[in-house]
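Look at the two complexes coming up: chain A is in both, with chain B in one and chain C in the other.
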Partner chain A sequence: MNRKRIYPAWFLLPAMSVFLVFFIIPMAVSFFFSMTVWDFSGFTFCGLDNFALFFSERSLSHSVVNTMIYAIGTSGLKVILAFFIAVFLTSGIRTKNLIRSIVFFPNLVSTVAVGMAFKALMHPTKGLFNQIIAFFGGHGPDWLGNVDMALYSVILTDVWKGVSVATVIYIAGIVSIDKNYYEAAAIDGANGWQKLKNITIPLCRPAMNSVIILSFIGGLRSFDLIWSMTGGGPGFASDVLASVVYKQYAAGFYGLSTAGNVIMLILIGLLAFPLQKFLLSKEVE
Partner chain B sequence: MKRKKMMGMLLTAAMVTGSMASAFTCMAADEKPYDGVNLSIMIENGTDESSYQPILDLIKEKMGITVEVEFKPAGSEGTNLIKTRLLSGNMTDLMIYNVGSLLSALNPQDYFIDMAGTDLAATFDDSFTQAASFEGGLYAVPAGSASGGGVMYNMDIYEKYGLEVPKTWDEFIANLDVIKEAGEVTPLIGTFADAWTAQVPFLADNYQVMHNDPAFAEGFTSGEKKFATSEAAFRSWEKLEATQPYYNEDYMATTYDMGCDMLANGEGAHYIMTCGILQNIYTLYGEDVVNRIGVFPVPGDTEEETGLTVWTSGGLYGNKNSENVDAVKAVMEFWTSDEALDVLVENSRPSGPFHNGYKLPDTVFKGVKDQMVYFEAGKTAPALEFLTPVKGANCDAICTELVTGQTTAEEAAKAYDEDCLKMAVQLGLDWK
Partner chain C sequence: MKKNKRFRLLGDIIGMAAAFLIFVVPFIFILSNSLKDRREANLLQLALPETFVWKNYSEVFTANNYILLTAFKNSILLTVFSVGGLIIVCSMAGYILQRRKDGLTKAANFVTMMGLMVPPAILPTIWITQGLHIDGTMFSMVMIEIALQIPFDIMLYRGFVGTIPIELEEAGYIDGCERLGMFCKIIFPLLKPVTATVIILNAVSVFNDFTNPLYFFPGRKNATVQLTLYNFMGQYQSSYNLLFADVIIITIPMLILFIIFNKRIVDGMVAGSVKG
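Moving on to the complex of A and B:
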């Protein structure tokens, strides 16, 4: 009886030990160090001071709000835009293979390169965007220099770059829908909108859920694009959790930076798990 | 004459002091004491080559040491790299890096050669010695010259509008208003795309702070004085706030290099920076242009309060865990010798006086001559980061917030105090 139970457990050992050494132990250690002020030569225990500081200082706590705006903004836009692009690209248009490649192209470029390119495009006086607006007689905004706009400008760039992956997932989902449904609907006299609403959307739900989860978590921990475009600025206006953690580390506040990482872990966990559960419960069999 | 005297002094000193003696006497005998030794040095990316390469060439020629240059990124990324390499025991033999508050964050006693008590150390002035010291040890020798920080102004624009060099803050604002109303050029150049430049107007006001509250730096280190509550220190934030209306429209997207262009081309009238910028403009535009750039300090509220805030030279550090510690020490000594400085000033114009009393040549830029008036009158004070180990890591972001109108001077001063608290906690200072 006992032997039967233990026997398969041995097979778990290699995977478990890797998991323990590389994931569980570092996590426990970082929980500990988030409650200390440490540098490379030692540490002093300080309880929850780091967490208290993180939430009391405006420049730090503000980043939690920005992270949520960023995650919801990028994820929402990607979910909607990518769906319509995918529907368009699975329809009977001729050049769809070419267009599919073009849509995927931004994703092949390094994020930092995208950030630098868009930073140049969004330059308030010399950038292409504002020159085009000026050509038509308008006065373009200061995309990255305006305090109220900077974060949203980065969100738009992130969507431009990230919409392709979402599109590919959607395409896979839509293509796998059985054609019989559409034929049956056509026989019943359904128009295009009805097919979309009653067949495509419900049946590509699993794909949509993957897109939501992936882009939402991606948004929560986004760093590279924000860093290369605004560096968190102007001031702290577009700082998110990941950039704040990086800044604290660079400044030598290792304890505070570890605490920021723990907060990020907890936040992602608290949001992602219930979200996934909720979405899965909505999937049609 | 002075050079001979100095050399003589050094030689006498060197004879008495064991290990160093060998380096100097050998050099005097024109041998190459370290022939074939290879060293490495870490220098910030973008440093003007003329400020170090001539000395390295001379070291190769005189001492036989080949020094290989490695570059590090600027700002906090560079600091990160240095900390990582120090900790992993993988550091270069030599390094040029800031002295002052950034030094104290490195645990220098574990990594760098302590120069305290040597005869060489005695030749440096107090401002450098204080800035390069940490808990009794002296960990660097000056890598270049000091540099004043203040308002660089385009003299052609001043002539055109008939402006006088302002002696008080109100006169400065009045000048800015004249240029703003004329509407032709930018009154004050802002280059906030390079975030570090955002804090210079604030930091360069330190003479005023130290003049009105001489105990501020000390009180700040011990946690008794704050920016929000000290009248003199708070005034710096108010001044920064007052500059708000005068920047170029695209100041959030303008970089330091573009700022140099704007000042040199006469697209902008003022740029608050350190005098190192003059060398940059000289390299890009030549002698005639750079000598049309004048310098005055960030003015105080009265003429009395107007003096120059000085940035101490960067330090040349020696890795004490290097395989060739003697060669490293010899390079550090040679670097500040008159022989090396002669070559240095031939190739790169100094942006201020040297820390060991080396006499500046007459060829220095107009702007440097402007600021020498304040050095000669004794109206200078080091920037705050050289007087206290505490410097907020987010100083530039807090300044940017203020200038972009997200905060008021009161809020910015409070935010900066909070930011400094984090540094104090990390340094183990007892602030509450």
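Moving on to the complex of A and C:
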């Protein structure tokens, strides 16, 4: 049987041509345009000036650090919190499905809406968060107005919205673990913590790796939540790469904006690909 | 045994209470404030409204010359066209990529898997659409949404095709079935479960997309629901009642979808992420 004749290559054509024109070609030319000053109609080549400017101007270079903090913060919290939520939900409680649905729903709400709601909840004087803190006699922070705090407040909101995806991935991983391991461990007299540490964690490693990679890359690319909650502010305190790309575009510095885009691409290439390789190599052992 | 039961009941109670406090209260907050008058809503209290002001909702619809209706029309059209296009192109591509193994499919696999990670180059994409004289049109927006979802959808389809027995096609081929006909009549119907997943997941992400319309779909006549909400934030900064009413209006379609397709949505997300 001639395989090639049953499976015609032109079936790939529609998907690949759309992907090529609207994704691959833009990505390829972005390397060139990041080295120009351009306005869509004409360009002047300027070498690596945009990158030099990017890293010498603190308002811009700061965004690289923030992007890293954001990616590590959101993925770290999701990896840990989601694991415990998943263990809790698979421990045989009856309201499992209901709780899972409740935790999952924010994921379907638009990011802008979530950002707006949390902006109101985090209002420095009237917001519900600070009213609760005040009720217990404390003095709540200015969640989004404080330069040192704004980015972390957005990180918390991101975790609130996205922890559920990580949770359901973990649940799938935990449910697929062979029950015999637990029975054997119980006969050997292992306690709950020992079972968790020696069975559950090693055996849901693939799920954990998916969670790490997905949330880390998502964190590096994140834009809409930050944009709707702080707009990168106060000042440029919570600017990340994606928001700098937008700001420079809106200001008309297209070359600089494209350079920001390329830096994000390189950052993901330098961090995410090796991270995935590393995690997969651990998985095999 | 009895102790175990009581322990679990305690777990149920604590779990429900925590889930309610952390994940439900914010929605109650939004709903309750969307029904208050302006002064009361701006206090941002969790309390129930003194009087229920239902006209907030009609006010949101009539605001800015019925822009929300335009936005719903655009968002729904964008979602329908993008999802429809994605189903056609990705089912075909995923099928071939699973079945046929040669240099071409290897290359195609590599680029699409890379597309799962790499962020899109935004301004060059605008440049391309300008070069093609389709910038700012529904057509270009649909094409861009399709391009961005292609890697994920191809992955879902490719994974599912692997579960379909190959003998079916060989039999069809011997019977002289024409290739496109065979795909449409034999393969595509078998892909129904994954197609359903693709429809739901993509509908949610395209309908909720904010970033791409912000860049590629500017202008008043191109308003989408997410952009409209964002613009409301600037315009009605001091009218939280209207802002929250808008949030509720654009969240309801998702809530309905979630209630109906709960299991499918969750399973789809797991399938997509674990295979990637």
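Here is the rule we use: the second predicted complex is superposed on the first by the 258 of 285 C-alpha atoms of A that agree within 3 Å, B and C clash if a C-alpha of one lies under 4 Å from a C-alpha of the other, contacts with A are read in each partner's own complex, and residues count from 1 in each chain.
Throughout what follows, a residue touches a chain if its C-beta (ideal position, glycine included) is under 8 Å from a C-beta of that chain, and two chains touch if they have at least 3 such contacts.
Just so it is clear, the structure is predicted and the values come from calculations on it, not from any experiment.
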### Task
Using the superposition on chain A described above, determine whether A:273 touches chain B (first), chain C (second), both, or neither.
second
### Task
Applying the touch criterion given at the start, work out whether A:265 contacts chain B, chain C, both or neither, answering first, second, both or neither.
second
### Query
Should A:25 be classified as contacting the first partner (chain B), the second (chain C), both, or neither?
second
### Task
Report for A:252: first if it touches chain B alone, second if chain C alone, otherwise both or neither.
first
### Task
In the overlay, answer first, second, both or neither for which of chain B and chain C A:168 touches.
second
### First, second, both or neither for A:123, with chain B first and chain C second
both
### Task
Based on the superposed arrangement, let me know which partner A:51 touches: chain B (first), chain C (second), both, or neither?
neither
### Query
With the two structures laid over each other on chain A, which partner does A:181 touch: chain B (first), chain C (second), both, or neither?
neither
### Message
As a test of reading the superposition: which chain, chain B or chain C, is in touch with more residues of chain A?
### Response
C
### Query
For A:40, is the partner it touches chain B (first), chain C (second), both, or none of the two (neither)?
both
### Query
Can you pull the chain A residues that chain B and chain C both touch?
40, 123, 126-127, 249, 254
## Note on the structure
Residue set of chain A touching chain C in the complex reads 1, 3-4, 6-9, 11-12, 14-16, 18-19, 21-27, 29-30, 33, 40, 88-89, 91-95, 98-106, 108-113, 116-118, 120-121, 123, 126-128, 160, 165, 168-169, 171-173, 206-207, 210-211, 213-214, 217, 220-221, 223-224, 228, 242, 245-246, 249, 254, 257-258, 261-262, 264-265, 268-269, 272-273
### Summary
The chain A residues in contact with chain B across the complex are 37, 39-41, 44, 53, 57-59, 119, 122-127, 142, 144-147, 231-237, 247-256
## Note on the structure
In the complex, the residues of chain B that touch chain A are 76-77, 79-80, 83, 87, 105, 107, 110, 192, 195, 249-253, 393-394, 397-398, 400-402, 404-407, 415, 418-419, 422-423, 425-426, 428
#### Entry: Contact set on chain C toward chain A in their complex
8, 11-12, 15-16, 19-20, 22-24, 26, 29-30, 33, 42-46, 85, 88-90, 92-93, 95-97, 99-100, 102, 104-105, 108, 111-112, 115, 117-128, 130, 143-144, 146-148, 150-151, 154, 169-170, 173, 179, 183, 204, 207-208, 210-211, 214-215, 225-226, 229-230, 233, 240, 243-244, 247, 250-251, 254-255, 257-258, 262, 265-266, 269-270, 273-274, 276
